[in-house]
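Two complexes are shown next, each including chain A; its partner changes from chain B in the first to chain C in the second.
And then the complex of A and B:
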């Protein structure tokens, strides 16, 4: 049983008791505790259950690498699952829940899964997806669903706020241990702008725990001085609780700062995502201890040796009264020393090496601890907690030599440098035989824009494990990052250590029943036997074996398991470890919150909203909005308890019979100006635009170089040198960019200038038989048919407002589009509404606009076109100049498949029963295609109920359509029935255009 | 996330300020060209593991198109230059030659 020691604990404040709850139970710890240390101190060793077999699990580590002690923290809108108890600092009122169990942590029904473990081998999911379908559906899927998911998803909307910060620095240093501090001192003294980030809540890492002596001082004192020196430098910024999460191209890095996770008072942003651009990035991220693979290595009470020492020294927590240390290296002896110094029993150090020797080994022996060399743990005894260990020869198969009673096991399999940040952007690794670890290959680092390596690993992260070499390496890294000469590095006392013996299985010849209880990946429940099975089944690539076994795929991304797993795979394949290689390291280093990624971009701030100059009026007058690009446009203006359909029908009937107003301000308005403007317009549009007379308008089509129709709109020639191009509402920015691309990159010697004036004008369509009357009533311009004929424009003043009036129609009615300065839009609109009262004026929305254009057979970009349609398909050959040698898309349209007569072409479709055709429905043809699907011969592109004709109308593309007038096609509905429609002209209403020409 | 210097406004742009435009120095083939030429112009692109010439637009800045010479493997940027040219500047080609002996791109070397 774990407990709190009476004295010690360098990080806790015994004067400040902190109350918290775990699974509803009230517990207490001290300020400075992590949730894990507080729970251990309160005697709570059982912290959760594993994902697949629901095995009881306790805490293994003391930092970010923890795979087991995952908690749901907080309540309601502040709840978040899968938080590591080892990195969660304690605060008053903290609420934690354990995961993956039902009905309780102590008694879990899913624990039965462990008895099914031989039915849940590596590749279980893949195999079961293939095997008999009924079995999958009725047996496996319900079982998996019940046990699936790591923790519980939050049910409430996130009540916290998040923010993004931006920083540009010369040197970003990841990690505030002694390496990070030494690097920061070197870079800071050289004058570089430095950002030093540390993921934990305190500086100095584990050097004080290990008893390092630096520059003649205890590590604790040296760290305090170093931090003080750095804080006094104006060019250095220090951030605690801020993790360097990822490294990306050209010195870009993301840092994740946790602002209130450690506080009871949650005011202010919870997390801050730093988007950093750094000249150089120093990774002083330390190293992570590896467990050893022996049977029962996941039983609560088995912990990393370094973690045991952290809990004793940092938080005065004893993991057990009697702790057996098992190791293949000298470092774990420090744990035995720390335990003994704390007055705890160490029944034995079990060392896999045949003849361990050196000062640490001698010191442990002198403390009266028995050292069993050449020995292994055959198995750990106990179920929910450790009761003892069975000892065997490391060289054998696990025959038990003796048993030792204990309640904790401290295990060390050696240290792996944290190479994640080095590797994120392509840094390569090299296998260090002497340390049995991968470390950065200095010749193959990620390079920046200047062609130089921009990530500089430092200290333990660079494979330098001794304190003295950590300091000199980090000092040199900091100086190099700042582009300075390295001066004198801090120095440390050296403790000689004997060589590590690589141990990947304990004992090395462990029998199958032991291997099936030796865990590699605690979080995803992957055992040595699973990886060996994967190798036998042919998953030889480490990336395949990873996915097949799920090794390293849990939220800890295999921080503890990766090296042991790939060593196991290498052995099973009879290959060397470097030959097998590692899986890819991907950001983030540890999971970061979704909220921090979103930052402020949520709710109303998710994306910018564009408002027309009349938006406020629309809001105040019952507009039912729809999104059009970033704009919000009124779909319809509902009155009383009208349905949307009724409202749209009323607007159409009123416009066709009297007077309607449309806010057309969102239409793109681009000026093309210059001596070569006409020449340029002839290239942009399929029509001949250079012959358009000033004062006139022309409908134009714009194609991509592929030949496909990309935008349409009315062009007005303002003067000899100037054209005003109207584009679709969603297309203005794209069309403007298209113009600029051609002007800047192909015809850069042409004298043409473009400007996107979309937001400079309000534009109001005044539509209907009474349109001229209401404008005449406003007064100021002669808008008679003689003065301003169809497809003409004129300037003047209306109701005292300077205006440009275009006589164009997208509805088939008499129609004027009036453009005024954006700031005058509302005044004009209100004047029109008032003057129009006697004509029964009503505003109408985009749906009425769409239906009226469809009644007239006018195409809509995005309905009749979808990126593979050319103007010729749409009966628009009249808008393609035959006289021009060239326009953008002309050569593309000459390609065989586009010039083919077999293409589907635009027609009108009229259902025999008057119903509305389903959107996007296909017309079926005889026979089936190679996939056994019905052949098709056309599809619906626009379909509406026409209030004018009181029946369904549609447009569609049909093979040989224009030659098949009167034929009836069948369009299957989703429910399996079909609807018949006759091919007709796409112009359903006023085919002679009499209404618009008055 | 790349950074490229806009040769017009001098800003060291973040990739989020830029829109990519694919391969640089394409020759346009219009009406009268044969299918092979047109296919080459419209679809066939270099895909080097090494030095590449690309088009970028400083879309959320000055709005200008420019070209960048960049190594697709190491992400080293050799230089950027205005788009109003039909081939890279001679001094840039010389710089790449020095840094990458034996380098080739289309008919440049």
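And then the complex of A and C:
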């Protein structure tokens, strides 16, 4: 049983008790505790259940690599699942819950799975649930999802805020251990702008725990001085609780700063995501200790040897009264020494090596600890906690030689440099036989824009394990990153260590029943036997074996398990470890919050909302908005209890019979000016635009290079050199970019300038039989049919506001579009509303606009077109100039498929019963196609109820449509019934155009 | 003539970094040969300021000329002088290939005031806001969160920026939100 020691604990403040709850139980720890150390200190060793077999699990590690102790932290809007107890700092009122258990942590029904484990081997799901197919979705998956899974998803909206921060530095240093500090001192002294980030809440890493002596001082004192020196440098920024999460191309890195996770007061942003551009990135990310693979290595009480001494030294927590140390290297002996110094019992050090020797071994022996060399743990005894270990010869199959009673096991299988950040952007690794570890290959680092390697590994992360070499390597890395000499490196006392013996299985010939209890991946419940099975079944690639067994695929991404897993795979395949290689390291290093990724982009700031100059009026007058690109446009202006349909019908009838106003400000307005403007316009549009006279307007079509119709709108010629192109609301930016691309890449020598003036103007469509009357009432311009005929434009002032008036119509009514400076748009709109009272003026929205244009048979980009439609399909051949040699899209339209007479063409569709055709419905034809589906001969592109005609009207594309007037087609509905519709002209209303020409 | 209203209707926030709508402003988009003396001098006259080099912002009490691209500058002046400015530029450049249009109403101008304004901006723009990298006299076209913007410093503790009119409220809200956050403490404070 774990407990708090009476004295010691370099990180805790015994004067500050901190209360928290775990699964509703009130516990207490000290300021400076992590949640894990506080729970261990309170005797709570059982912390969760495993993913697949629901086995009881305790904490294994003391940092970011922890696979087991995952908690749901916080409540309500502050709840977040899957938080590691080892990195969660304690604060008053912290609420933690264990995960993946039912009904309780102590008694878990799913734990029965562990008795089924021999029936749940690697690939079990793939093999078992493949047949019958429908069962997967409806039977297997819901059941598996209920029993599997880790934390619960939050139920409430996130109550915290988050932010991004862009930083540009010369040197980013990831990791604030002694390596990071030494690198920062070197780079900082050289004058570089340095950002030093450390994921934990304190500086110096594990050097103080390991008893390092630097520059003649205890590590603790050296760290304090180093931090003070760095804080005094203006060019160095130090950040605790800030993890370098990912390294990307061109020196880009993401750092994840946790601002309030360690505080009871949650005011202010919770996380800050640093988006860093760094000249060089130094990875001083240290190393992670590996477990050893022996039976029962997942029972609570089995911990990494380094974590055991961290808990003892940092937080004065004893993992147990009697701790057996098991190792294949000298470093674990430091744990035995730390335990003894704390007054705890170490019944034995079990060393897989035949003849361990060196100062650390001698010191342990001198403390009276028994060292069993050449031995292994055959298995750990106990269920929810360790009760003892059975010892066997490492060379054998697991025959038990003796049993030792204990309540904790400290295990060390050697150290793996943290090479994640080095690898994110393509840094390669090399296998270090002597250390039995992968380390960065200095010849194959990730290169930046300047062709040089931009990630520089330092210290243990570079495979330098001894304190002295950590410091010299990190100092050199810092100086190199800063591109300058930085004086002398710090020095450290050297403690000789004997060589490690690679041990990937304990004992090396372990019997099948032992291998089936030897865990590799604690979080995903992958055992040695699973990886061996995968190898036997032909999963030779490490990437395949990973996915088949799920090794390393949990939230910890296999920080403890990957090397052991691939060594096991290599052994099973009879290959060397470097031949098998590693799986791919991908960002983030440990999970970062979704909120930090979103930053400020939530609520009202989720997405930019574009407001027309009249938006405020619309909001105040009952507009029912719809999104059009990033704009919000009024769909209709509802009155009283009206339904949307009733409101739209009222607006249409009022406009056709009296006077309607439309906010057309969102229409794109692009100026094209220059001596070559006419020539350019002739290439942009299918029409002949260069012959348009100043003062006149022309409807034009714009195609992509492939010939497909991409935009349409009215072009006004302002003067000899200048055209004003109206585009669709959603198309303005795209069309402007299209123009600039052709001008800049193809016709760079043409004298043409463009300017996107979309937002300079408020544009108001004044529509209906009374349109001229209301404008005349405002006064200032002669808008008579003689002075301003259809498709003409004029400038002047209306109601005292400078205006450009276009006499164009998208509704078939007498219509004027009035453009004024955006800042005066509201004034004009209000003047029109007031002057229009006597004419029964009403604003109308986009739906009325759509219905009225459909009644007139006008096409709408995005309805009649969807990227595969050409103007010729839409009966718009009249708008394609036959006189021009070329226009963008002309060649494309000559291709066989687009020139084919068999293409579906635009017609009107009129239901026999007057109903409204379903959106997107297809007209069926005789027979079936190769897939057994009904043949089709057309489809609906626009369909509405026309209040003007009081029946359904539609447009559609139909094979040979224009030649089949009067024929009746059948359009099936989704309910199985069909609707019959007659092919008619697409112009349903006022085919002679008499209403607009008055 | 009715009064011109800016997109933000004079919105402002107070705080260690204040965010403020600067109200209607005359803005003229000028495209042409930026090396031509005629173009430079008429822009200087209309703005009452100098003419910038690449990436520059020449600002005076009356107006400014902001470098937008190798063939484009933005001339700032009083709102009621914009139309006249367009005419003057057109007259000065008659016969040469150019474009000069009034864009006063197409954009919003927002001011930031306060020693911490660089860190407010650095929450939103990927451009380098370090005092050594971005100084008064420079024009920076960039983005703020999800939309385009142009930023120039009017002093070490004040800046102005332009964005499109339709997203003025979005940009104002972004800045107000960023300004309300505690200081990051990364950049040296003026």
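Here, the second predicted complex is superposed on the first by the 984 of 998 C-alpha atoms of A that agree within 3 Å, B and C clash if a C-alpha of one lies under 4 Å from a C-alpha of the other, contacts with A are read in each partner's own complex, and residues count from 1 in each chain.
Here is the rule we go by: contacts are C-beta pairs under 8 Å (C-beta built on N, C-alpha and C of every residue); 3 or more make two chains touch, one makes a residue touch a chain.
Quick caveat, the model's predicted, so the values are computed rather than measured.
Contacts of A:822 after superposition on the shared chain: chain C is touched, whereas chain B is not. By the touch criterion defined above, A:741 lies against chain B but remains apart from chain C after alignment on the C-alpha atoms of chain A.
In the superposition on chain A, A:991 contacts neither chain B nor chain C. Shared-chain residue A:758: touches chain C; no touch with chain B. Here chain B and chain C are compared by how many residues of chain A each touches, and C touches more.
Of the two partner chains placed by the overlay, only chain B lies in contact with A:449; chain C stays clear of it.
Once the two complexes are laid over each other on the shared chain, residue contacts for A:248 go to chain B alone; chain C is not touched. When the two complexes are superposed on chain A, the residues of chain A that touch both chain B and chain C are 277. On the chain B side of its complex with chain A, the touching residues are 1-4, 14-15, 19, 21, 28-33, 35, 38, 42, 55, 57, 59, 63-65, 71, 74-77, 83-84, 99.
The part of chain A that touches chain B in the complex is made up of residues 248-252, 277, 447-451, 705-706, 737, 740-741, 744-746, 748, 885-886, 890-892, 894-895.
Across the complex, chain A meets chain C through its residues 161, 163-168, 193, 195, 234, 237, 268-269, 272, 275, 277, 599-601, 604-605, 607-613, 630-631, 671, 673-675, 751, 753-755, 757-761, 799-802, 821-824, 826-827. Per the touch definition, chain C reaches chain A in the complex via residues 1-7, 24, 29, 31-32, 71, 97-99, 101-107, 119, 122-130, 133, 145-147, 164-170, 173-174, 177-178, 181-182, 184-186, 188.
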